[in-house]
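These are the structures, in structure tokens.
Common to both upcoming complexes is chain A, partnered first by chain B, then by chain C.
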Partner chain A sequence: MTGLQTPVKLPAQTELQTPTKPSRLWSTVFAIAVGAVVLVAGAGLKITWSDLPAMPGQIAHYLRLMFEAPNLEKLPRALFETWRSISMAWLGAIMCVVVSIPLGMLAANGVGPWWLRTALRGVFAVIRAIPEVIIALILLTVTGLTPFTGALALGIAGIGTQGKWVYETIESVQEGASEAVRAAGGNTAEVTRWALWPAAAPTLMSFALYRFEINIRTSAVLGLVGAGGIGSMLSNYTNFRQWDTVGMLLIVVVIATMLMDAVSGAIRRRIMEGAKVRDVARSS
Partner chain B sequence: MTTGELAVPARPTNRFRTALIVAAFVAFTVATCIPAIGGIDLDVGAIVRNWRNGAGKMLQLLQPNFAFLPRTWAPMLETLQMALVGAVASAIVSVPITLWAASPTNPNSWTRITVRTLVNIVRSVPDLVFATVLVAMVGVGALPGVLTLFLFNIGIVVKLVSEAIDSSDHGYMEAGHAAGGTQLQINRVTALPQTWPLFANQWLYTLELNVRISAILGIVGAGGIGRILDERRAFYAYGDVSVIILEILVVVILIEIMSNLLRKRLV
Partner chain C sequence: MHTDARRVEAGDIPASTSWPVELKSVSVTYPNGTKALQDVSLRIEPGEMVSIVGLSGSGKSTLIRTINGLVQATDGTVTVGPHEITGLSGRRLREARGHIGMIFQGFNLAERTDVFHNVLVGRFAHSSPFRTLLGLPTKADRELALRALDSVGMLEKVWARANALSGGQKQRVAIARALTQQPSIMLADEPVASLDPPTAHGVMRDLRRINGERGLTVLINIHLMDLARQYTTRMIGLRDGAVVYDGPAGAATDADFEQIYGRPIQSDDTLDARA
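After this line comes the complex of A and B, so read on.
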């Protein structure tokens, strides 16, 4: 009750009772540790860092060699090889999607039996871990140094990720429709056909096109190990040090990739968002 | 009308549109199978004839030669170093570029479009193509590898984070404007603290990607475990190759587990 008798004096300056700052010791220690690891890693690399200041000039020199006067002589050949890369990507995407949609569906919770689910998920994980290039190198012994090898490698290498996307999509579908089908007496196959597939199909189609976009980039990589296409051409002319041709090829790669991305992206948006509502002429 | 039958309206059909889509799909697929214009010769016969070669290789791969393991430590360490240095360097550089490329943080449309176009161009060049050209430019070794990862990561981080900033709610930035802050102050005080989690997320993702990519960069001479992978393959030492693949698999999984733990704490 003392407070009532002697009124509390306000301090001359209103001081806020700020809580003490939370300790930042551990985050600081962590940050210093990460910094130290990065520095050690950088120092451990066999790079003469003193050359680094000269780098921009050097790169500018090569960029000038490549893009000052791109050699258009080989352009028809480059377009031919670009189509070959796109073909590889497309057929690879088809193969990958055709295999991974049924397998991915079987790997989804509530569709396949548990042993099949575990086995399939294991297979997907292993395929994801193997670089495409290695798959291509094994396939080389079967189908030789042909673009067909590239398409097959893309088809197989993509199954890992694509299958994962498929079962994740199926699992994220709302429960309601499947419960309704089950309540109406449908078995698992019927649930898949009438509840899961209609709900997941747009997303799966969108992922299929996305696979095509990824494959376009990867097909250039496979070209480097000899599967043909624009990647092989690029690697050859880089080895010949014919920089003006390399410049032209890089321009072709960039334009082709951007073009395909734009087209495929537009189709994907159309699939996912549906048709734009057309303005119905209401007045006049 | 008999009872129990509903007057169901005719199902709407879209036969024409469906036919058009199927026709376009088939036409594109057929065009990709014509070797004369660059398409692919689907030589299924080769599989039937030569499948034993591939099966033989697979069989050899299934017998890993673990005695080779000690010789892979040094290149694997180099791969991890390249991955880390590339990721950190790109993380530092990606912050200003991202703020440049997002519209709420950079109202100047000219610089924004320029930066975005440049990033898109960088993004559309495949990683190994960068590596091939850079190896020819600066020589064999870890440097072209690090540069490749650096460029590749900047493309990913800038694209994903700037799009996230674009689509987020910018109420807090408007508050900054209303209080009379300059764009720089607004970016530093409001935009950056809001986007750190996005950045952290993408940086960790690029670190994971880098370990995967740098595993194969060595094939074109950009250093790391890929170099020894390519070397053993050239000697047809498939037992060694499979040990290296297993090692990459283990390291990738470990990095993923680590970055998932970190992500839970940071984001």
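After this line comes the complex of A and C, so read on.
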């Protein structure tokens, strides 16, 4: 109120009481330190900078080899392998979600006991720290070179992040409904089933589909270590240096991935927004 | 005292299942050091209709939550009917809560779940976990839930999702959920603070009817003077976690309210002025 009147009342010459500018010393020091680290890191690598001018030409050369005349001869095989990759991704996503939803819920504050929460979060963190490829390599020794190994690796590797998403979602659910269930004498299981689950379910379903999308991309990488699917085929033909077939495979991978992304993304949007649209229609 | 007079008034209403509430020197200090309640002693007789008034932060919410153990008293004892709430935990606390109905300012329904399953929450403390987790009520529980919905005029919405209801409808469903417990006492934490004036009067009338017809002990947290005077018979004033007023609600003067609030009356202290 007075703030609005001051400029009118006071003469223009009065010196403004500008707040002291906060010190930027530490952020400056930090920025310089980061810059130094970048320079030192670059200097440590033996990069032959003289090769750099030749790179664009090299890239263009290989792009031409791959895409000038993609070899469509192996297309049916490529589509079949793509299908195996998608199956692997889907199976892996289901395994991951089926395990991580209950475990993630138990790891949420207010659901599981503290010792279980700590243990589960520890397990999630360890899994997150291990790349899928490493898990696949370990599994290969047991289950052999099959797409099932890939699915299993995806299923296990995903639990780390998926479990974290689940408990963070559960913890972000509004308190109200849980309090009501507790006030009526409900136990933790009942609170979880009838207050937390209804509120979190659409988000969790969306995350499940998101896991599938991620797995489709990752399954191509897993193929590189021999877990089967389009990735294996890609890896083989790269080793044989049959660039025209590699080009065709890359096109298939990109199109298939984008297609599955679009379909899954559309379903996810429907899950998250569909309910809201229906509410508006009902309450009007 | 005034409580005796009201017991005579309510004498012809069967109140056999209604419970008294007794707080003996109850103090609550939250982990962050906030002293929410300080040495509160109260006795509420079965079948009383009590309002607890005070500004936000005065300890109303804490007081009402010590009665069903949602907040544990740091000191003192809370006794509700046959249960000493302060000594209970786990299964026995849940069993006691099963007899204490509660409604909230924010309704606290499971928004994406239908009205029927929201109301069935009221049977959780009284039925097997197997049935409650699967959402398969016994015939008797189903009947109780539907009757409770009918008694608040919400039976036709039984299959609607909670988030498709208006605020007033949600609060009625919440009342039905509490009634499904077949409670011996009813707690209401600012039940009308999120509602418009006509709906607020409707919900207050529902609470008065529950008190009148079933002889239930009803405790209502409220900060609106006119509603406290109009619908409740006894008023307890809280300020800074201590009881500063305890007397008949209808006779409470503006001066009494100013003393409870510790400041002059403002226009938003009454519902009708806000309308």
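In this section, the second predicted complex is superposed on the first by the 241 of 284 C-alpha atoms of A that agree within 3 Å, B and C clash if a C-alpha of one lies under 4 Å from a C-alpha of the other, contacts with A are read in each partner's own complex, and residues count from 1 in each chain.
In this section, a residue touches a chain if its C-beta (ideal position, glycine included) is under 8 Å from a C-beta of that chain, and two chains touch if they have at least 3 such contacts.
Computed from a predicted model, the values in this text were never measured in an experiment.
Residue contacts after overlaying the shared chain place A:17 against neither chain B nor chain C. Considering which of chain B and chain C touches more of chain A, the answer is B. Of the two partner chains, chain C is the only one that A:189 touches; chain B does not reach it.
By the touch criterion defined above, A:143 reaches chain B but does not reach chain C.
Those residues of chain B that touch chain A in the shared complex are 28-29, 31-33, 37-43, 46-47, 50-51, 53-54, 56-58, 61, 77-78, 80-82, 84-85, 88, 120-121, 124-129, 132-133, 136-138, 141-143, 146, 212, 215-216, 219-220, 223, 229, 233, 241, 245, 248-249, 252-253. Those residues of chain A that touch chain B in the shared complex are 37-38, 41-42, 44-47, 55, 58-59, 62, 79-84, 86-88, 90-91, 94, 126, 129-131, 133-134, 137-139, 141-144, 146-148, 151, 217-218, 220-221, 224-225, 231, 234-235, 238-239, 241, 246, 250, 253-254, 257-258, 261. Interface residues of chain C, counted against chain A in their complex, comprise 68, 70, 91, 94-98, 100-102, 104, 106-113, 117, 121-122, 124-126, 129, 132-133, 135, 160-161, 163-166, 174, 177-178, 181, 187. Chain A meets chain C in the complex at residues 176-177, 179-187, 189-190, 193-195, 198-199, 201-202, 275, 279, 282-283.
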